[in-house]
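In structure tokens below, several structures.
Look at the two complexes coming up: chain A is in both, with chain B in one and chain C in the other.
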Partner chain A sequence: MVMYGGDEVSALVIDIGSSSVRAGYAGDDTPKAVIPSSFGFRRAAKEQEDVLMQGQENGDSASSNGSGQEPRKSAYREVFAGQSGPALWRSKMEVGNPLVDGLIADFEPIPHLIRHAVTSVLQCDPTEHPVLLTEPSWNTPANRERMAEIMFEEFQVPAFYIANTGVLNAFAAGKGSALVIDLGESTASVTPVVDGFVLRKGLAHSALPKLIHNHAKHMLTQKFGVELWPHQLIGSKSPVDPNTKPIYKLRDDRIPAVTQSWREWAENREVDEWVQSVAGTLDQGWNDQAAAARPPKQYEFPTGYNSFFGYERLTIGEQFFHHSPSLIAANPNLPQTIPALIMESLRACDPELRQVLVGNIVLTGGTSLFSGLADRLSNELARHFPHVKIHAPGNPIERRYGGWLGGSILASLGTFHQLWVSREEWQEHGKAIIGQRCK
Partner chain B sequence: MSSGVTANQACLEAYQSLKLGKKYRYIIYNLSKDNKEIVVEQTAERSSGDAISQYEEFLTHLSEAECRWAVYDFEFEKEDGGKRSKIVFFSWSPDTAKIKQKMLFASSKSALKLGLVGVAVEIQGTDFSEISYESVLDKASKGA
Partner chain C sequence: MATAADLRAIFPGSTRSTVPQKAQASGSTSRRPEGVLRELYSLIGDSVPTLAAQFNKRPPLKQKPHLGVGQRSVSWEWQPFTNEGRADGLRLSHWTKTSAEPAKEYPYAKYNVQSTVYSYTEDEYTRFLDDPGWTKEETDYLFALVKDYSTRWYVVHDRYEFLGGPTRVLDDLKDRYFTVCKKLIRTRPWEGDEASKASLLATMSFDKDRELHRKNYIAGLETRTQDQLFEEEALYTEIRRLEQTERRFRKDRDALLRMISGIESGLPEVVEDDSPFGSGLSAGLSMEPPKKKKKGNMDIDSPVTPNATIALPPAPAPLPFVKRPSHASPQDIANCIVRTEPTLGTPYKATHQGAHLRSYKLPQPKGANGPRVIQAFQELGVSSSRMVMYTRENLAHFEGIYDSVNVLLDIKKAVDKVEQDIRVAKTRLGMAESSELAGPSSVAGDGDLGMDVDEDAEGEADEDGRAQSVMSARSTRSRKQSRRSSISSVDTNTARGTTKRQKKS
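The block that comes next holds the complex of A and B.
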């Protein structure tokens, strides 16, 4: 661990997002453990008792409730976390994700995910390290107290702190005041940060990335007729010419034991990979000629089907900025576009603050790496404001893990010692101390 | 959320000399080597020279690689000829500075700023265009 000035506190920093859980040592510049937030599980139902037990982790708190009268709570008989969690095919395995709209909605799998990241990947003992956790700006007090409880009671950490990702991202960009635009896997959010504090009334977020994803999926399956079989279910395939019917054989031994949730998870992953490697956006707004002038990109799916994607790949990015009138008419509850979120956020802020905020925009989150997005955003905003400046780190790691990185630096500081909530304080004051200390 | 860094007593004393004693034109603050407290790095006494060239001289002490804070006693004339003076606080955090330093400065600012009563204008600068004389004049003359 790189340290300076004898500041060694060897804290851990954990950042739980919709797509991944990032964990690592404070002071490092990248999280050493990045595992998917989605996890595989088998239900604790009677009819599955005959399924072979494999890779069962000890300390599985979800093993009770064998009668299975409640399908959701305590329903996980086995949990498979990590890189070989959902991605490793298992008979009758289902896939869950504890986050909804960027917030933890199901706390039961959380200890499994943290334990996997900290104990299995980092190979360290959480009882020896203070833990700094991140939270989104719209997190609820109940949620943060629950997380403190999990860390102190289940993991027996010596000290704890929970920090806001919006503020961490602003600080990591060197800004006390900033408009933080965080584009995650499931949620797009705009957080005004003023002098190191979140301006709550200016918070705006929507499930825009989900819409982009669904649009891409719909286009691939409906327009191109792509079958989104994942590689785990494909036995063999032969090379074919572009746009011709793929020649492949499915693994018939596995098909009967595939669950609906795993299938959906795997299909979504195929869509995401296509989006990441092929989709893009035009930097000046939609224009048929400009779209036609951009080179098509070839992409091959696991079935062997391959095609060149031309202007269609650019229509995907358009959804971040503009919804067509027909789409709006058909869906009154459409998630807001990025410009709409920014406008909503700024409207709630004092007029004299608005210029400071648009002059200090911090773009972060994995989805912000979408091809051409930063340039397009800059052009869109320049139409409305005289002085726009977007801080978007060119280093994808800094962009993807901005919140983690800010937490890593903060938790590595010797002077930060005094701010940790210690185990003794937790025992003496209980939950109330979290809200008092972590502002 | 803050870093826990504190401001050295000398930071406030220098500020009082600038504000009340009218002794200094500007003060530049930095973090101590061990990153534990905020210290005065440099002060410059007032001189009767041309306002713009004094300001330009101040800018030469800020670099593109390092974060700093600064306080500047900014004097200007209004269009009707009335003289005004405003204390400007700078958070200088250039884009090219190291991320660790940016984080440290951003999370420690409140420890310094809270003690500096009477600052009229605050400027967050990431490049020289944002702290140019014209840009500061524009901000300072609003509502003067």
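The block that comes next holds the complex of A and C.
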């Protein structure tokens, strides 16, 4: 036990990201519970009727996930979290996501999500387990204190710690110092980590994945005229030839009860699925010939419309590395590309550190699994830095849940147990202890 | 008749007797062991081979794995523990082996080490530590940060945000911290000896200007343009190429010298491949395919190897001409028989040579040069495989011719190669000059290296004087050769000059 430095105290690791909430036991190699961060809810009839709603809620415990009683002043009447949360069509259900740019903007649904992950999926009692949470590097002190408050007051955890995803990703790659390139669902960030600490001055992040997503959506709907009806709303369809008008029937019984936010969520999902299965990038920068030489890929949408996507699918990935001048002219504050983020980050670091960081680049995050992205990135970087070394795990689980994995490693180390913020300390010192302990 | 047992019986000390053992052994073997056929047993009788007995025995099995059947299973239990490294009494739980003894200290508690951070009093600050660039508040802030981040300077600098203070670079912070610490150590009473104090002070030494200079240099390295990088790369390649050429020349020269004057050249016979890139003879760099390199190796070694194998023992070779055994009988002389006397001390090979034809002693052209040697013999009108009279003298003569031809061929090869080099270099020179006529010729300036080589070669050729008497043709050849090599070294210099000029353009 002592030999390997591990000492498991059955801590829970919870990693809340834009796309999913990952939860599991420290020491595992994969999170046991992965649920989408998006949740379905029905809106309370009116803000003023809160008091009235309170009574209704108690009787109306139709929440599919058994998420228990609602918070007192809630905009949400029912919350549906988990795999069958937003994905399961319900009449008048809206979809929300508590995260904006990787930060938690709305804390109200967070307990629902955590409770669902821990109580319903992991089926364990949070009061028995120390909890390690993750936060993005640009998290605010107020946010992490609120998070600690939720964990201590609402979940009654015995001990708590909040660690940085950049640091955890570096730990997951087995490095103490690294330049972590984290491409998430909503945010691309470059974090220099030195000796297990984030260098905040070198931190750079942008909403680049959002741009990619919007670009793909725009291309599909405008250029190809694809109707992004989700399969939940399709009654029947018949096979058609590629590039011909789809023949399908919508479920008219559901259409009137579809909310705008759910419709948007479902459309974005369709776009994401298309991006994940079809879009790609070229190894060596944009080249018309090379793009033409790549085989087109066929994709069928839920409506039955299908087509072969040729070089268009490769223009999507180009946005990660290069913005066309016309696009830059049209919108002045475009999110920075990955090379620009890396450059900005390195520029802010000490010249002595740059070599170390460039030699220890860790590529992580779900969007980094974009087809061809890792190769392209290493080619791009090799052009600027002769000694670049990129650590990009081939295992998609490790790539997607790198932050969780690092947390799992950290929380199962014997030497880490001196760092937990215990309940006693929380009660004694209050919020200030979080900032002191979790540097 | 006295047996061994009787003998033993005489000596009372030997209590062990072989007789009962023997009886026992015979008793056990008289029975036909299992696994031996009856017919076979009747043939071999009592003397059953031990092998059969061994087979008969059950072979020793491999160690059976103990699956913990007999042992008591280790029981683990979920036990709460406290971490002495923590200030509070947080009780976490982990799995431990059940044991009667009370829980020891938590094994990881000892890793909660705090680095020693210096602190100072108000009085000390005003007396020793005042610095016009720093206020006391800022110094306090710095020391607090250093304590918080246990002297991880990059992190300290990253988190350093002192309101109202000037922006400071990392080296400012380090400088201030170490200066304060050094002053504190110097002014405070020191318990230990002076050496430990000095060594502690040495760990605190920090030269801000030097650090800044170094960082500027690193930053400068990073901001090199692509052209600068290319030029640097090209220069590096050029230096390596020059080094290799020089090494190659030295090697060639040595090889030639060794080939011509043998052991008298005073050079060690073993060719040490001192170059890290293998043989330097292949004109290119180490990037060349290894096959070619190997070929180059052969080239350089071939003039040496025949020397080593055939002409190496030059000392015994001329012996028959000089020292003829005086007591040789007239019959031996008439039949050209040379009897070698077994000389004491010299461990010649002791194998007896049977009766053989003298023609067996005729050396056969071997090695890479073999076919060409035969061809040369044919051109000279000498048969390479037959001789009218195989006497010792004749064979020695033949061997001499054979060696000469071999050496001649090697030299010719070397000459051809050098001439080829010259041609190539000249064409390159011509191309370079035609490409830019105005460029100043750097040949003269670079000639010194070539001159050196030339002089050396001359000196060595003079030294060869003794050897020249034997084969004057060779030495003249060698002198020519060395001059050629010096010429070609100049040529490579000019080649370097041209590449330089090309780069400038």
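By definition in this document, the second predicted complex is superposed on the first by the 404 of 439 C-alpha atoms of A that agree within 3 Å, B and C clash if a C-alpha of one lies under 4 Å from a C-alpha of the other, contacts with A are read in each partner's own complex, and residues count from 1 in each chain.
Criterion: a contact is a pair of C-beta atoms (placed from the backbone, for glycine too) under 8 Å apart; a residue touches a chain by one contact, two chains touch by 3 or more.
Values in this document were obtained by computation on a predicted structure and should not be read as measured data.
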Partner chain in contact with A:439 - chain B first, chain C second, else both or neither: both
Which superposed partner A:173 touches (first chain B, second chain C, both, neither): first
First (chain B), second (chain C), both or neither touched by A:181: neither
Which superposed partner A:148 touches (first chain B, second chain C, both, neither): neither
Which superposed partner A:415 touches (first chain B, second chain C, both, neither): both
Contacts of A:351 with chain B and chain C, given as first, second, both or neither: second
Which superposed partner A:195 touches (first chain B, second chain C, both, neither): both
Chain B versus chain C as contact partner of A:163, first or second or both or neither: first
First (chain B), second (chain C), both or neither touched by A:389: first
On chain A, positions contacted by chain B and by chain C: 5, 7, 195, 414-415, 417-418, 439
In the complex with chain C, residue positions of chain A that touch it: 1-2, 5, 7-10, 130, 158-159, 194-195, 197-202, 350-354, 414-415, 417-418, 420, 422-425, 428, 439
Residues of chain A that touch chain B when the two form their complex: 4-5, 7, 29, 163-164, 167-168, 170-177, 195-196, 356, 359-360, 389, 391, 398, 405-406, 409-410, 413-419, 438-439
Residues on chain B engaged by chain A in the complex (per definition of touch): 1-6, 33-36, 67, 91, 93-95, 97, 99-107, 109-110, 113, 124, 126, 130
Footprint of chain A on chain C - complex, ascending: 83, 85-86, 88-90, 92-95, 106-109, 111-112, 148-149, 152, 154-155, 157-159, 170, 215, 218-219, 222
